[in-house]
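Please find one structure pasted underneath; my questions will follow.
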Amino acid sequence: MPGCASRLTRPSRVLQADASSVMDSQQRYYTLSASCPDGVGIVARVAGFIAGHHGWILESRYHSDDEDGQSRYFMRVDIKADSLPFHLAEFRARFRPIAEELQMSWKISDSAVKKRVVIMVSQQEHCLYDLLARWQSKELDIEIPCVISNHDTFRGFVEWHGIPFHHVPVTPDGKEAAYAEIRRIFEEVKGETMVLARYMQIIPSDMCEAYPGRILNIHHSFLPSFVGAKPYHQAHQRGVKLIGATCHYVSSQLDQGPIIEQDVIRIDHADSIDNMVRYGKDIEKAVLARGLRYHLEDRVLLHGNKTVVFR
Amino acid sequence: MPGCASRLTRPSRVLQADASSVMDSQQRYYTLSASCPDGVGIVARVAGFIAGHHGWILESRYHSDDEDGQSRYFMRVDIKADSLPFHLAEFRARFRPIAEELQMSWKISDSAVKKRVVIMVSQQEHCLYDLLARWQSKELDIEIPCVISNHDTFRGFVEWHGIPFHHVPVTPDGKEAAYAEIRRIFEEVKGETMVLARYMQIIPSDMCEAYPGRILNIHHSFLPSFVGAKPYHQAHQRGVKLIGATCHYVSSQLDQGPIIEQDVIRIDHADSIDNMVRYGKDIEKAVLARGLRYHLEDRVLLHGNKTVVFR
Amino acid sequence: MPGCASRLTRPSRVLQADASSVMDSQQRYYTLSASCPDGVGIVARVAGFIAGHHGWILESRYHSDDEDGQSRYFMRVDIKADSLPFHLAEFRARFRPIAEELQMSWKISDSAVKKRVVIMVSQQEHCLYDLLARWQSKELDIEIPCVISNHDTFRGFVEWHGIPFHHVPVTPDGKEAAYAEIRRIFEEVKGETMVLARYMQIIPSDMCEAYPGRILNIHHSFLPSFVGAKPYHQAHQRGVKLIGATCHYVSSQLDQGPIIEQDVIRIDHADSIDNMVRYGKDIEKAVLARGLRYHLEDRVLLHGNKTVVFR
Amino acid sequence: MPGCASRLTRPSRVLQADASSVMDSQQRYYTLSASCPDGVGIVARVAGFIAGHHGWILESRYHSDDEDGQSRYFMRVDIKADSLPFHLAEFRARFRPIAEELQMSWKISDSAVKKRVVIMVSQQEHCLYDLLARWQSKELDIEIPCVISNHDTFRGFVEWHGIPFHHVPVTPDGKEAAYAEIRRIFEEVKGETMVLARYMQIIPSDMCEAYPGRILNIHHSFLPSFVGAKPYHQAHQRGVKLIGATCHYVSSQLDQGPIIEQDVIRIDHADSIDNMVRYGKDIEKAVLARGLRYHLEDRVLLHGNKTVVFR
């Protein structure tokens, strides 16, 4: 694989851009994210536990959502790793009784352990180039164990970056086999998150259900407007004055999953569909990148078909 | 009517804000707006006519829309009134043969003649206060012959401004009579444009069809998302990350008319429906005011169910 | 004062707009806002205190700012009033030892006590109309003990709303006396916050210093661009593609105080200065209203010449 | 050069994305862009000339700018190439007398002739990746004869795309020689436009003056705020609530050249400088790409130190 060596010896650059800034991102921390039924004393209980071990809180976010008469509490706390007298496993073990008492859905992750993200792509390059640029610069500090595509178009580009590329064609008759293969690869490379970076195929329901909250899609409209195919054509037809993009979790109902991030851009009557596609792509890649980052940093908590996003 | 005198003697103020700016808005001009089948030589024909009479073009905008295989040409030209050797009626008479030759839908208006706008309102004040503030300062340089409401709430406020107020209740059984009365008033005051400034009733089809392109509504969502009632509730339910508002012409299909202007504002999971209403109102009044101004300055040309807006 | 009666008997309306929404805003709560040197256990200490009295936390926000090697901790907590076994004075008394131990700047306010806001205005109405509309509808649930102006222009409009109006002319020779009078009125009416709603005079340094963090201004540019007079002219001259507005605390250095809120709107080469003024006014009033609300809800904490805004 | 073959045989893809859209962009047209002193009959004269040769106007834009008492007229017209009975040279020859009569600055370009753009880069990849992705997909349908950098970092990436890469180090003592070399390369490859895609060196005055309106820079702030080095640090220091980026022509005064395009993104107190850099990069690349496209499509006309941008 040519070019690979030069990449591997390349130093991280983005953070040098403004070199005197504090390198927070390189400081190791644990992130506790959780939700539970609301009640008196939750913050006190959790913060008390952390303080009891002299844990230094770098950032903490709480949210109480009381719609439909059911109050649910959401939280996300970053704790300096070296302020605690124990490591992750011990942290988890000690926190478990509190979590059980409060009936929490919870997770603790370690900033030093890179998340494993598999990228799915078809024939449009804007999101792929954008994600690999962010990965190159370590702005997106993840492992990309492989890229999977239903076309062979980007093999050269992906492999040049030193990333394995799998071409899994999806034919009308071969869908089942194709998705079995995709799932096999995803499991084999120990993928944690799957990103549909303008992957132009519909993921089968059983696969959606196998990975809830783990498959992110970028849809090229401001949902719930213009679900399904050719949203820019739909938008042009309706004569809207802004177009948008939506990053959401994939669920078994097409374009109906929990929304993570959205944005829009202004157009006018003079913009052809080609122009809308052009402007739209800028929104798509920015929205996908933001949504993916929030997800990877455990900033997105699910609440039914909605999300709490602690940006 | 108390307070009225003080208003009438009050000088225009807005344009004094930055007093050295050129008072373009007070220069008299004629606006020609038109659309016709596209072809060679349209601009040449129209601009040639104007130049032939030594007309000074202040601003001109053209657009060719060729979707669906049918090319249509749109234009809007502002001509300095005193550069022409004749007045409006003569202008119209002389332009008519060209317009007929080019099969134009066309209109010529005079900036010195104020448009007559009837405001319809229910019980929310944000759009009403906003429009009257703009009218007070002459930013919106129109005649408001009256305000009509299905509630008596704003009588005092409207009348203080020296504007007649009509309370026309709309009851389940009395709809037909109510809208007959509204149309009678609108005709009597020689209304040209009707603005539904958060008027919370559905205009009957026959009235929509009687005034095509003359009734503007502000809908409190980013259409086509969240048609109909309680759009902020719908938006909250779906978990969108931006909310918006849409100014559109009213047609006989609810919230389906041609869109004139839209805008959005960012929200997040922490925003209650009350907060969404609060943020939304700011977008609503800004979008309505922009859309109304574009309409009144003949900047909006209809193209099927879409608009060309020469901002 | 004509019209006054009708106002006073008018029911609150805004919140009826979407009537089924939960009336959170009418639920009484106490807001604790504070900042202190950062350290281990602050959240635990505060949340523990609240939980110890069975206080129900409605919303809590924390932020650690560690720039310049000095870590400072900021917090804002809303606690349901009737979940606590005591009233505000007792709350303050019991919290004081903790605040002192943690070296806090702190404040506890009661949502049932309306803030007293004096509005200062000159000859432009957009911010005044906008604030009074919000006050009318109780969106802005404050007391406005009076409006003060260096012109008599808005007397009728303000008095119609049942609000006292003071005309305090500011002449080159009479500045000192004028500001002495303004301060006298502000003190007399027990004003807590002063809002410069496009008040086109420079507040003298001694008055700025007398009310730190209590005087809000709306500046009609995206600061730090275009400080001082005629910012739209400056923007037009420089050829920027967006114009903006800034809500900030007034300090003794003109347009240099801590920024609370900002926003922008797109313009282009075709926009005259008059158009920029027109678009700008929409941004000004929205930014001022948001900034003022954040301030009144104790969401704005000062940090040197910057703000932490817990929106 | 590995990978190169696969690129060259790769089909254009972007426009297939929404394959049924009309392929306007592949229709050949001539673009006339011009400015001249304002007067009666300019549009008539130009449109009459085009119509006289049966030229089909695809898009036309006009603007009259009358600031400072001097009226200047700007125009941009796209004419279908095959509607004219002659080619570009003949078009130019026949138009010249009109242009001279009207004292025009003017230019006619041919959409079938690709513009030659040299990219300058330092060590940040976001703009480079972004531009090459757009070039790959032919969204940006240009020739890139080479990339020049003061570092060798991106040699592999650029060469993989089949584009020559020149490393021209800039040392304190060797500046003059370095810029002489850069100009030599630019001339040798017949560069028409130079794009500073986060090239972190100051271009010497004589080079700026040698290529007026031909060197585009992306500055990572919303100018005129935060001129010069480390704008995100300056923005953090001032506590602004939005950050931005500016695409402008380079002039001999640092960050003072005519602004082509700008945009902003919202931040808050919780965003570290690293986060601001991260968000800012998304704005930078979008703004640079839009500004570059407007420039390449002759949509940007200079007017003193400002631009008219016919988007």
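In order of appearance the chains are A, B, C and D, and numbering begins at 1 in each one.
Note that in this section contacts are C-beta pairs under 8 Å (C-beta built on N, C-alpha and C of every residue); 3 or more make two chains touch, one makes a residue touch a chain.
Values in this document were obtained by computation on a predicted structure and should not be read as measured data.
Per the C-alpha superposition, chain A sits rotated 180 degrees relative to chain B, a value rounded to a multiple of 5.
With centres defined by CA atoms alone, the chain at the far end from chain B is A.
The chain pair with the larger count of C-beta pairs in contact, out of B-C and C-D, is B-C. Put simply, the C-alpha centre of chain C and that of chain D have 42 angstrom between them. The distance from the centre of chain B to the centre of chain D, each centre being the mean of the chain's C-alpha atoms, comes to 37 Å. Distance between chain centres (mean CA atoms), chain B to chain C: 33 Å. Across the assembly, chain D contributes 22, 59, 63, 67, 270 as residues in contact with two or more other chains. Chain contacts in this assembly form a complete graph, since each chain touches every other chain. By the touch criterion given at the top, residues 2-3, 6-7, 10, 13-18, 20-25, 59, 123-126, 129-130, 132-134, 136-137, 139, 153, 155-157, 160, 230, 232-233, 270, 272-274, 277-278, 281-282, 286, 289 of chain D touch chain A in their complex.
Here chain B touches chain D in the complex through residues 22, 40-45, 47-48, 50-52, 54-64, 66-67, 83, 266, going by the rule given at the top. Of all residues in chain B, only 63, 65, 67, 222-226, 236, 238-242, 244, 258-259, 261-264, 268-270, 303, 305-309, 311 touch chain A in the complex they form.
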